[in-house]
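Each of the next two complexes has chain A plus one more chain, namely chain B in the first and chain C in the second.
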Partner chain A sequence: MISFALIGAAAVAAAIGVVTARHPVHSVLWLIVHLCSLAVLYMTLHAPFLGLVQVLLYAGAVMVLFLFVLGLLSARTRPDPAEPEPLTGQLGWTIGAGVVIAAVLLLAAGAGAAGANPHALPAGFGGVSAFGQALFGPYLLPFEATALALLTAIVGVVALSTGHDEAMRRPPTEPEAEPEGPALDVSHAAMDPRRGVGGGRD
Partner chain B sequence: MNIYLAALLKVVGVLAFVLGNAFILIWAERKISGYMQRRYGPLRVGGPAGLLQSAADILKLMAKEDFVPGGADLWLWWLAPAVALVPAVLVYLVLPIGRSFVLQNLSIGLVFFASVTSFTLIGIFMAGWGSNNKYSLLGAMRAGAQLFSYEIPLILSTIGVVMLTGSLTLQRIVAAQANVWFVVPQIVGFLVFYVASLAELNRTPFDLAEAESELIAGYFTEYSGIRWAMFAVAEYSNLFTTSALAVTLFLGGWRPLPLLAFIPGWVWFVLKTYVLVFVGIWIRWTLPRVRIDQLMDLGWKFLFPVSVANVLVTALVLAVR
Partner chain C sequence: MNFGAVWPEIVVSGVGTLLVALDPFVSAARQRWFGYVCLAGLLLAGLLTLGEPVGGGSVLGGMVTLDGFSMLFRLIFLAAAALVVLLSLDFILQRGKDLGEFLSLLCFATTGAMVMAISRDVVSLYVGLELLSISSYVLAAFLRDESGSHEAGLKYLLNGALASAILLFGLSLTYGLTGQTSIPALTHGLASALHTGYAPVVWLAVGMVLAALAFKIAAAPFHLWAPDAYEGAPTPVTGYLMVVAETAGFVALLRIVDTGMGPLAAHWGPWLAGLAIFTMTVGNVTALWQRNIKRMLAYSSIAQVGYVLVGLAVATPGGVSAAIFYLVAYLFTTLGAFAVIAALSVRDPGDAITDYAGLGRRSPALAVVLTVCLASYVGIPATAGFMGKLALIGAAVHGGMAWLAVGIAVNSAISIGYYWTVARTMWVDPAPADGGAVAVSPAGATSVALTLVGVVFLGILPQAFFWLSHWAGAGILR
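What follows is the complex of A and B.
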């Protein structure tokens, strides 16, 4: 119970850090702290495998992708505190939604506590085999559906980005014939400064 | 024994080993690279072999100014070396050093190892981004792409061993190698694991994140003194632990060679690990650095399909048998 209170407080503090940080990279780092606190909570709830997978997939992979993108996009920018809020009224909506979610969670937790005895866990609960049985047994359909949704997203991103690339690669105008010197071959064209860095070659 | 006292002893023991290991490996790398380049390496500090060169290095690093670059993100700057060092120390928890010598025999030791080491990248990113330096940032970005890409074949290559053993406990994986080391049935897995682990360690030929000729030193360009030393210690510790994991998964862990069983298991474990570490140093001073596109091609177009095929073939063989 004491550990739950400590780790829960850490998770809440990190979550507050996510929304109050002024720089998106700081937000992501707070989110990593939050996800790791959740992982420790899973471990105290007899689900060590889930906790470690949480660290491996969320903190180690998904958040790294976030950092990757944000680091590239906002390397130099420091946000201006005097800048007006682009999303007007978001604070009220956020607090409203938070209160609703907290109420629902409290109700669900109350209902759960009234029903099941938390100390009567089946043998092997939270272990790898129990985890796998659940994932590929009763939850097979949602699991595969999620995989399909992710695959769709990846294919969509690839399609969008390559289409974009083709448009970029096409020379803006017909290349003028060079009066003297040899005609541009592909490798020279790739290094043509007029087309920008790496144009036509990657 | 009091559990807190035992935990304290474990922590102190691991930290002492991490520092001692870095001490030995820094000297060994200087010496081995010297001989590979037809020179002697360190000669003067501590006897004719330069045994105390690392002590001189440590004194120099501790005496250096702890320089902070202008415009650095101070919190990330201060914390990054620690974030890189902590996972390097934590993974010793699950390494099976001897028959009954493991600090904590977790039932999911392999998952623990993978998830803890995935944290190294966050430390690298914090260092590169927090330095407010384009070379550091580029190094961190390269490290991100590289570690992220090679983590997938690295983990997939261990799945074959897990399938043969039916357990994620490292001690059980060693126990399952009583008759034949897994390097024989899982030779493909071992090779993929070793190449991917060299890339995870950011060592030549995969050291694009700190390519001196382009990026000065990559993500730790701006670091100096004791904070730079923390990164170096973490790297050498990771070199040891990754080699130790390869030994555990594929080379029989603490199991002795035939007829030499009178030598205790932990000696075998350390010996095999240092042999693999030597191979890593050997590769570093033999091969040139690959280009970034070659690196990505090797990871995604070769190691990844090979490791998936290895899992499928292992499954097929197990199903038929």
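What follows is the complex of A and C.
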């Protein structure tokens, strides 16, 4: 019980760190702490294989991928500390909702603790064999649907990141840039005092 | 392990995978064939669905049930997907986009919706919802060169992810309370948890699930993302999201709330009733001010969601079957309207209502179909919408919530205002000087014709569908 409280508190604290950190890399580091605490929780719940997978895949591989992407995109940009909060008042709402949920759950935990009666675990629970039996037995349909969701995500990334270039490479069937041309020209001309508005292109 | 139960899902997801695999090897000129392959796959899946034995038992480790409900909703999703394929072929090709990727995402989304329809366990239902949602986010952003589509995808993603998180939190609480994820087991477990000192947690779980699913079906006050997402998404995708994504949300509501939380109906019923009346009023009143037809139809779809919620709020078998009938009517009406809008915007991307000026003279057939669909939205007799509203009003009166029936009637009167604006623009206002006749491709014409047949058939001979929706809804409330 005490270990659960300690690890749970660590997990919650790390999760708060993820959303409050201003630098994306710090968020990822907090997320690693959070995922590792979850892994320890799984181990205390007699699911050692799930805990190991959590550390290897999530805290390891997935987070490295996150850091790669951040390194490619935005790791060097420094967040502006003076930047105003884009969603005003969200902190108050979040704390309020969190306190209400925590209060309800703590009350329920207090009410249920007296009558708690943990079921006896079947032999081999949480091991690789039991895990595989569950994943490819009763949970086969959701497992396969999850695989399809990952494929969808890959197709989505390809569709959203390459479509743009392809449209640029393809010879345009209609003169698309025509309507924008004159408008841009006029604004340039207006900004440049050496060229009159009626000056036109070079 | 018996895979016979999920052959339709295997076929639809297989077609999606096939299109992805073939996509790089097929030249742009032959991409139209993808559409025909996709249609053939959806048809085959429909035939396989019809061939399934309807026992109501559980298969695939208790994850799946093949009852009337799962069969009817699978067919609804397949029909909607096939109509959207028809009306999107020219729309996507004309914009120089990759049809293979588009259709494969459509297939994956439809698979997700079908998995939701057959689920009798919240785990598979949630995974189906995520599969549908992830595909929908990408589809909404598919025309990423247009800023509206970009914005639509991002707004849909952020709000959808938030709703999914809340739904998962609520479902994890129900698991904590009952130790079960199977929906029939939740029915008994939640009712007994209510009387063992866990009542506050039960309310928290029910509230979270209701709020999250209200997000998914875009019920007010959880609808704020919907108008932007529906306006910015590519027109065929908007029709798909309005019909399939919202109907899938109702599938989740019917399975999790009406079945899984059925014994608590006396408690959540009034909340759903309030949600229904607020949603239909907000949708109809806001629609009065819209100038863009897609945005107007977005608010109109919010209003329709309010009508369907009436059937769920009364929590009677009659209410459930009326809601299912209204969802079928809504499918044909909405896809009919969007078939016309997509046919018109194949070449001309204008979506302002004023762009429809003089359509009655430029293209009488399209104008007639759009007018019939608008009449069905209002609930004019001899259209699908009239029969749907009749069933919902009857269910509300029999369920002891006559004030909801009054709400539907008053809201239908309000809605005449904005539907009439479109009809008047089409038939009375003069056509612009440069507006010639509108060329419609065979695929577009087929989708327009099929939806028109559906709207009129349901309006004139609804008995068969009333029987079907009654049959499908029979197992929902226990």
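Everything that follows uses one rule, which is that the second predicted complex is superposed on the first by the 133 of 202 C-alpha atoms of A that agree within 3 Å, B and C clash if a C-alpha of one lies under 4 Å from a C-alpha of the other, contacts with A are read in each partner's own complex, and residues count from 1 in each chain.
Just so we're on the same page, contacts are C-beta pairs under 8 Å (C-beta built on N, C-alpha and C of every residue); 3 or more make two chains touch, one makes a residue touch a chain.
All values reported here derive from a predicted model rather than from experimental measurement.
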(message) Quick check for you: in the superposed arrangement, does A:108 touch first (chain B), second (chain C), both or neither?
(response) second
Practice item. With the two complexes superposed on chain A, say which partner A:72 touches: chain B (first), chain C (second), both, or neither. Key: first
TODO: For A:139, decide between first (touching chain B), second (touching chain C), both and neither.
DONE: second
Given the touch rule stated above, what does A:55 touch, chain B (first), chain C (second), both, or neither? first
Which partner chains sit in contact with A:19 here, chain B, chain C, both or neither? Use first/second/both/neither.
neither
(message) Output check: A:153 vs chain B and chain C. Expected answer is one of first, second, both, neither. What do you get?
(response) second
Request  = Once the structures are superposed on A, label A:95 by its partner contacts, choosing first (chain B), second (chain C), both or neither.
outcome  = neither
Between chain B and chain C, the one with more contact residues on chain A is chain C
Chain A residues where the chain B and chain C footprints coincide none
Seen from chain A, its contact residues with chain B in the complex are 25, 29, 32, 48-49, 52-53, 55-56, 59-61, 63-65, 67-68, 71-72, 75, 127-128, 202
Per the touch rule above, chain B residues touching chain A in the complex are 76, 106-108, 111-112, 114-116, 118-119, 121-122, 125-126, 128-129, 134, 137, 140-141, 144-145, 148, 151, 168, 293
Residue set of chain C touching chain A in the complex reads 1, 6, 13, 17, 20, 60-64, 96-98, 101-102, 104-105, 108, 111-112, 115, 121, 123-124, 126-128, 130-131, 134-135, 137-138, 141-142, 144-145, 153, 197-198, 200-201, 204
Within their complex, chain A touches chain C through residues 101, 104-105, 107-108, 111-112, 137-142, 145-146, 148-149, 151-153, 155-156, 158-160, 163-164, 166-167, 170, 173
